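Following are the structures in question.
The two complexes that follow have chain A in common; it is paired with chain B in the first and with chain C in the second.
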Partner chain A sequence: MLKIIIPTAMLMPMTWMSKPNMIWINSTIYSLLISLISLSYLNQLGDNSLNFSLLFFSDPLSAPLLVLTTWLLPLMLMASQSHLSKETLTRKKLYITMLTTLQLLLIMTFTATELIMFYILFEATLIPTLIIITRWGNQTERLNAGLYFLFYTLMGSLPLLVALLYIQNTTGTLNFLIIQYWAKPISTTWSNIFLWLACMMAFMVKMPLYGLHLWLPKAHVEAPIAGSMVLAAVLLKLGGYGMMRITILLNPTTNQMAYPFMMLSLWGMVMTSSICLRQTDLKSLIAYSSVSHMALVIVAVLIQTPWSYMGATALMIAHGLTSSMLFCLANSNYERVHSRTMILARGLQTILPLMAAWWLLASLANLALPPTINLIGELFVVMASFSWSNMTIILMGTNIIITALYTLYMLITTQRGKHTHHIKNINPSFTRENALMTLHLLPLLLLSLNPKTVLG
Partner chain B sequence: MSFPKYQPSRLATLPSTLDPAEYDVSPEARKAQAERLAIRSRLKREYLLQYNDPSRRGLIEDPALIRWTYARSANIYPNFRPTPKTSLLGALFGIGPLFFWYYVFKTDRNRKIFKLERITTSTQYRRIFYVIPGITSWVCLHASCEWKLSTQQSSLPYY
Partner chain C sequence: MKPPIFIIIMLTVISGTMIVLTTSHWLMVWIGLEMNLLAIIPILMKKHNPRATEAATKYFLTQATASMLLMMGIIINLLHSGQWAMSKNLNPMASAMMTAALAMKLGLAPFHFWVPEVTQGISMSSGLILLTWQKIAPLSVLYQISPTINPDLLLTMATMSIAIGGWGGLNQTQLRKIMAYSSIAHMGWMTAIMAYSPTMMILNLMIYITMTLATFMLFMHNSTTTVSSLSQTWNKTPLVTLLILTLMMSLGGLPPLSGFIPKWMIIQELTKNEMIMMPTLLAMTALLNLYFYMRLTYTTTLTMFPSSNNMKMKWRFEHTKKMIFLPPLIVISTMLLPLTPMLSIL
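Let's look at the complex of A and B:
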């Protein structure tokens, strides 16, 4: 584990000491090397988890998320090069330092053994993200967005601290490896209901659950591209990962307590997908589609069956890659047209055909086309929820249809039709952008050949 | 000479020169038409100046579009007021369905749990229940070889 943590920490001094024309090259190449190291953790043992030390471990749930996190850092750096090109050198280095700090904290979060360490790092990831959103965002609404992001997540996770300390006092340990054997079933008293709520609310806000999702469209829209990528791809999955870890301690209260959140997720899925159909802002559309996909993960985690957990992990990885790719595509539009309005830059297929190919593939992945892992995840979750209760198929089916509708709406509005004639002098696609899209798409397509890796 | 009755069709709209209503408009209407024409031509002149400017690099901003997107995306809440219509819509689509689906799922799940418990605890169906655990345990063994998170427990034997 130190093999990954120390190189990531050392990326920061390397950035500060590089020559000005080498900062991007150095950081991108070295972060790619770190991600190749993390691929070795995917080789998991059969029944047990890989334990590295008292503090760090990785098991089939956290290993794909770890690889996703490390894979995303070079992609974020590649995507940020263009909008930072006009800044001073110090600010560029500061930006890379923020991204690297966030990466370091995320790596440690996904492999933490002690739940208190997980909590501390979970909170610590908020700070670099807040700095990235409020300092380097583009509109004046970014301050409001940062405020919403910070305080929603903090309010949700403060009870979690209390709950974790209480569990430490009663059970004696919060080490994840031990507590999975020591967890006693808890009864449904009022205090246990509050304990359940305290544990879960932090992750519900992070996921986000439908009623508490207000921070997400603001934060995603106002963040710069790397901020959007890391938010959509990794930070939301922190919530899912935390929920999966903490539900071990909370049986069988979950059977009764899960109902309100299941209702919010199921209905929220349909509602946020429908909102997507009426959006004018491209990034806002992708942000709401993130809420919709994560609501599926919430449903899967609350049902707590083997298939639903497999579906949830597959869906998390698939959504991470797809959503990040869609944000990169939206950013490539934004850099040329300087506006996020969808109808402003139409008919891009005639002007940038290769980018249209990436748009098509990303949209097809987003609407869960077979045989991508998006479909595998969604299918497992739908099947598990069908066995939970037959009627959920109505809402799930509606959601899948509306997902297809808004994804195709986004594709057709930006790519097809007659192009608006004032965009005929935009820059052609840079190789960097094409490489970015390829690096997003390649893991996604390769994983459809071997989904066992992400099925946890 | 009297005008023949020209009717517009689906692919051919009636031009204003063939429309008899065009010829007896009041002077105020004429003045309004002239003002609108002045505004349109000023906007078109500005647009064409920017469009044909060789040193322009980037797109031409349309202030109407900017106002429209701002109104649709960022200016909604300051203009929101709880009226009977909006509260009815909010309750109907936001809160009502949550309770509705709660009752639907609760009745469905109760029926399922009741049926399952009836089968597991009755003596009449016990012989069937000897075969089913055998099959289910074989299936579960097979599935758990690929399922590595073996500590999640669910209280009902479904997969």
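Let's look at the complex of A and C:
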């Protein structure tokens, strides 16, 4: 694991000591090389996890997420080059340092063995994200957004700390590898219900669950592009990953306790998808679609069947890539028009046809077109929830239709139709932007050829 | 004040605390605390304005009352045990009285009313001594009598302190009052764990003193006393803005900074003693503290705070206050978390 951690940590001195015209090039190339190293972890043995040391391990659940995280750093750096071009050199280096710190903490979070270390790093990822949102965001609402983000997450996760320490005292260890075999079933007493709630609320807030999702549209909209990318692609998956790890300890209380959250997620899926149909702000639309996709993951994790876990993992990776790509596309709009309102930049297909192709592919991935892994994830989750209860198919089916509706709405509004007269003067697509979209899309398409890697 | 006099007074303050720390005779404890009190009054009054006089008077009156209450407890202990040595078995009534007296000295709720007003009236460096050095002596006495204190009393005072430290600091714009409420809240955390594991109290005290020293020194470097003048730090020394950001987050107890260590350890000790709701409640109330630290970082580091143009042209003198040991202090206040297993030395 050190072969990933030390190079990522060393990206920081390298950034500070590079020549001014080389900072972006150096950091992007070296972070791409680091992501190549992490690809070797995808080769997992079937029956047990790969253990690297007492502290770090990776199993078929965390390896795809690790690869996603390391893949995303070069993409974030490429996406940020344009909006940071006017800043002073020190601030650019600070920004890259923030992104690298966040990357380092995320890598360690996804591979942590001890649950307390996972908790510490989980909380630690809040600080660089807060700094990125508040310092480099664009509107005045970003202050409020940062505070909402920080305090929602902390309110959820402080009970988790108490619960983890309690579990350590009763079970003797919090090392994940041991707990897999040592977990005793807990009965449904009041105190165990509180334990369940304490463990899960942190991840519910992070996912986010429908009732607690208020921080997400604010944070996504106000963050700069790299912040939005990392929030949507990786930080939400922290919640899903944590939930999958901790439900091992919480059987069989989950069967009773899951009902309210299942209902919130199922209903929330449909509600947030419907809200997307009425959004004027492009980033806000993508943010609400993230809530909707993550609600599917919550449903999958709470059902706890093998198929639903496979679907949840695939959906997390797929959504990470798709949602990050959509944010990059929205950002390419924003950099030209300097407004996030969708109708201000219509009919882009006539002016930027290659970008329109990326919009088309991203939208098709978002609405879970076969044979992408988005479809595989959604299909597994829908099938698993159907077997859990027949009635859920109504809501799930409605959600799939509404997802298709708002994705096509977004596509048609931005790409088709007559273009507004004021966008004649926009810059053509940069090669950097096209490369960015390709790098998002290629893993997605390649994974549809071999989905077994992400099925966990 | 003249250097020789200042040296004598500081020596008296230090020796007062040292007497309290090293003695085993109850009367010497009282004597040490009184020496400390009397010698620190001139330090509080370094600036000769009526505000400082009022602050010093308030400090003197409350602390003298507390000393008398402590003396009463000592005498009751003498009556019931027949000897002056500090031992572990204390009469419950004496122990309750001593706890109340020491709580008054420390500024724990419900005896916290003097802390913001006194801290506000005095200069920054005196405030620094008040909030860090003055806590050592009473806490050491509490450490020694901790087995006999009623845990309910301690936990009530702790919960109230953390809550009052959190809510009280929310509407403040003066930095000294913010640090005063922060001190009340941290004292609350220290007393919460005293009944179960006094070692964690020492840990919390060490880390709190380090962080508060560093914070005060950074405030003195900028010669600021209000939040809005702190927001001009980006103009004077941009590096200090980054340091204030990390220090504030460390004070708020965010991982992975050192301020998280005491909170983690305290919550661990409390859960080991079968208390689940209490640490959750304490941790949630500490989030209020984090809110006003975050507000400080927003105005200082993360935004360029709106201000009139002539505020931006602060006089850029070389700082003349003593900043002893500042870089190591900052490193200890922020990067100590990986060394947590080292606390077995305590």
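In this section, the second predicted complex is superposed on the first by the 456 of 456 C-alpha atoms of A that agree within 3 Å, B and C clash if a C-alpha of one lies under 4 Å from a C-alpha of the other, contacts with A are read in each partner's own complex, and residues count from 1 in each chain.
Here is the rule we go by: a contact is a pair of C-beta atoms (placed from the backbone, for glycine too) under 8 Å apart; a residue touches a chain by one contact, two chains touch by 3 or more.
Here the structure is a predicted model, which means the values were calculated and not measured.
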Touching partner for A:198 - first (chain B), second (chain C), both, neither: second
Contacts of A:123 with chain B and chain C, given as first, second, both or neither: second
Partner chain(s) touched by A:266 [first = chain B, second = chain C, both, neither]: first
Touched partner set for A:147, first chain B, second chain C, both or neither: second
First, second, both or neither for A:112, with chain B first and chain C second: neither
Residues of chain A touched, compared between chain B and chain C (which is higher): B
Chain B versus chain C as contact partner of A:382, first or second or both or neither: neither
Which of chain B and chain C A:59 touches, first, second, both or neither: first
Contact set on chain A toward chain C in their complex: 105, 119-121, 123-124, 126-127, 131, 134-135, 143, 146-147, 150-151, 154-155, 158-159, 161-162, 165-166, 169, 191, 194, 198
Complex contact set, residues of chain B against chain A: 51, 57-60, 65, 68-69, 72-74, 93-94, 97-98, 101-102, 104-106, 108-109, 112, 143-144, 146-155, 158-159
Complex interface listing, chain C residues touching chain A: 245, 249, 254-256, 260, 264, 267-268, 271-272, 276, 279-280, 283-284, 287, 290-291, 294, 298, 301-303, 337
Chain B contact footprint on chain A (complex, rising order): 44, 46-47, 59-61, 141, 180-181, 247-248, 251-252, 255, 259-260, 262-264, 266-267, 271, 280-281, 284, 303-307, 309-310, 337-339, 341, 344, 384, 387-392, 395, 422-423, 425, 452, 455-456
